[in-house]
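After this come two complexes, each holding subunit A, first together with subunit B and then together with subunit C.
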Partner chain A sequence: MDAQSQFSGGFQNAPIDAAHAFRTAMTVMARPGEIRRITGGQPPAPLSLAAGSLLLTLCDPDTGVFLAGAIDTDAVRQWLTFHTGAPFVTADQADFAVGTWHSLAPLGQFRIGTAEYPDRSATLIVECEDLRPAGSVLTGPGIRDTAHLSLPDVPALQANAARYPLGCDFFFTSGDKIAALPRSTQIRAEG
Partner chain B sequence: MNEYNFAYLDEQTKRMIRRAILKALAVPGYQVPFASREMPMPYGWGTGGVQVSAATLTPEDTFKVIDQGADDTTNAVSIRKFFENTAGVATTEETTKATVIQTRHRIPEVKLTEDQILVYQVPIPEPLRFLEPRETETRKMHSLGEYGLMHVKLYEDISQHGAISTAYAYPVKVSGRYVMDPSPIPKFDNPKLEMDAIQLFGAGREQRIYALPPHTKVVSLDFEDYPFEATKADHPCDLCGAKDSYLDEVIMDDAGDRMFVCSDTDYCRTRRAQGHDGRLSKEDAV
Partner chain C sequence: MTDQTKTANSERQDWMGLLARAPEDVLMELWAEMGGHPRFEWLRSPEVGGVMVRGRTGGTGAPFNLGEVTVTRCTLVLQDGMVGHGYVQGRSKRKAEVAALIDALMQTESADEVRARVITPLGCRMQAVKTARAAKAAATKVEFFTMARGEN
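Coming up: the complex of A and B.
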């Protein structure tokens, strides 16, 4: 990796780009199932545009990041370190974990918060082949009647929701698209 | 623009607040601790709301601030100017034109839309605080979902006054799990808490952020034989004649004359511009 690509790919105008990216992240977290576009970062492959922009928005030296499977490359590590300063940690210490659904499994290795501090849980950024407003049926806070989202593994996510108010929260990313699934969402398989 | 970072706060502080907002949205009604900063205004002036707004605003936003429904009080004017100066955002007094609305103790009368965000300034975020002063105990009560004490409080209201006399900061249960303080909004506003907009609550001094995603189930606590009632002064507005808005009572003179007027100034002004009249709108030169 040459120096130029190692140091490039961050936000062009950090306060403004981060504000836009956060607004998108907040909107999808508040409206589970909604798919939006999030941009700003130019992360090295195999990190998606959406996952990279989200990491630039939320990570800093205070947040431990776990890179799972094929995401864990030197290029990604150097890019994330240069732009955020976030330390790399093991899965059980992670505030944010990034990877494909299979590389992140099993879900049980991530923090789910405690009864008194349910906010101390991991946020998983799941890289997906595609995101579609179809498939599993979602209900709960943020959803007027029902919403639909293509989820990778319904039983595991149902088990996560059953732990409410504990549990992990999820962002799903694909290209520049992002959707979210907080632990408060009830999930039914396509039916 | 000027020498401030966009929206005053430094980027690391905004990231910390943004992470708290995301967790707050994931667990509606749960109070997420955050490292509240000192702001260039005193506690009690909305330092929590200001920090949440700063972390939420984008340059394209149109920002509105209300204090007890009014756009023109010192608190509202100074916070609006603060973000005009530090974020360069457009500001408005019109509820329908705003994308982010920071509020102290009211929900606008006009129904908010999906594209809007309502940011509350919260003095005491803990609904159980005046019943149990120890944070360790209230935290345990929330973790166990043990809210019997709150029902005892409402029961004592009934036994002493014949009705639930709590008129503002009326406790609600969110999504069937957490009891939440909706900030000191009048209980007239409680039914509006189930809305299309995202609601964020910031308590600066107490260092807590909590949230209600759109369409979240919010139930005002009550009893089967003493159901919750959203009350207001039983008058029409004396300026615009509105019968459906929350009213402030204003003493007019030493003889005890009084008038009732919409607390939501934008709502009242809009109605008067549309030609609605109240009892005093002709003779009064307000």
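Coming up: the complex of A and C.
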């Protein structure tokens, strides 16, 4: 039995799968630099397994999603609408934005929250070629000494961290691997 | 992508509405009689939730919230890739599954058979119940006749 349709690839057992995926998302956000596997969803290309599973877990009809660049296809839109009901919005209103680093630039177009409500900011899901525990040096909450993560653009992320408590949070996905970078993490280029 | 616009939407609305309101025992009986049940895969397993039913009084009335209704929904795909949605009243997952299967089959070549063996008899039975109830109510109707009032 392998009848495929544009809606295939949701969680097989939604409560359990979503709980596992949510736990993974929480863990990587709490421990910046840690790389975990996140599975459950089988999204249509070009969305990666990790990004698809994360969207299934986090999105609902109240969260605006911005699909950047090549990710913005009819197949992805239909799949996401069927499984989550999330509305598609422009970059400046997005709660979640998905795309490669280049398609998401410039970072300034996303919401960074307000002084009263720093949580009203965008979370960016960045599709990467590869994720390695090497490269930039991370320090801050959730990291014992230092952590390493291959980040796409250190100056832009340093500027984002400098805005703390405002700013965006990031998930980095590649295949079924996921890592995260909250705005509270300090970043140093390798040195 | 399967083209679902071939079936006129109003027609699909009719059978979806009928399946949503159908009493479970009658639907199950007709479905069992039909036989030849196709194999399918879940796209969305049956899940129970509530929807707000809205109403209007009259053609120009503003919409108001009538109340919440428990609804079970599911989506499945047949072997040939045809997608069926089931949205039914109540919390019977089995009924939602059958409704989704019928919805999928109604978009395939077996539509005429399904219509003849399930949809039409189901509609007739539900109409019969409605008519019987209306007849019972009509029997209790009281006619009032106003006498000519002597006002002059």
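In this section, the second predicted complex is superposed on the first by the 187 of 191 C-alpha atoms of A that agree within 3 Å, B and C clash if a C-alpha of one lies under 4 Å from a C-alpha of the other, contacts with A are read in each partner's own complex, and residues count from 1 in each chain.
We adopt the following convention: a residue touches a chain if its C-beta (ideal position, glycine included) is under 8 Å from a C-beta of that chain, and two chains touch if they have at least 3 such contacts.
On a predicted model such as this, the values are computed, not experimentally measured, just so you know.
Partners subunit B and subunit C, brought together by superposition on subunit A, fit side by side with no clash.
Within the superposed three-chain model, A:99 lies out of touch with both subunit B and subunit C [touch as defined at top].
Look at A:52: by the touch rule set out above, it reaches neither subunit B nor subunit C. In the superposed model, A:40 lies in contact with neither subunit B nor subunit C.
Of the two partner chains placed by superposition, A:64 touches none, neither subunit B nor subunit C.
Of the two partners subunit B and subunit C, more residues of subunit A are touched by B. Taking the C-alpha centre of subunit A as the apex, the lines running to the C-alpha centres of subunit B and subunit C meet at 90 degrees, rounded to a multiple of 10. In the superposition on chain A, contact of A:8 is made with subunit C only, not with subunit B. The gap separating subunit B from subunit C in the superposed three-chain model is 9 Å, by closest C-alpha atoms. Touched by subunit B in one complex and by subunit C in the other are residues 14 of subunit A. For subunit A in complex with subunit C, the residues that touch the partner chain are 1, 3-8, 10, 12-14, 74-75, 78, 82-83. Partner subunit A is touched in their complex by these residues of subunit B: 5-7, 11-12, 14-16, 18-28, 30, 32-33, 55-59, 139-140, 142-144, 175, 177-178, 196, 198, 211-217.
Chain contact summary for the complex, subunit C toward subunit A: residues 1-2, 39-45, 47, 75, 77-81, 83.
Only residues 14-16, 18-20, 22-23, 25-27, 29-31, 57-60, 62-63, 95, 114-119, 121, 123, 140-144, 164-165, 169, 182-184 of subunit A touch subunit B when the two sit together in their complex.
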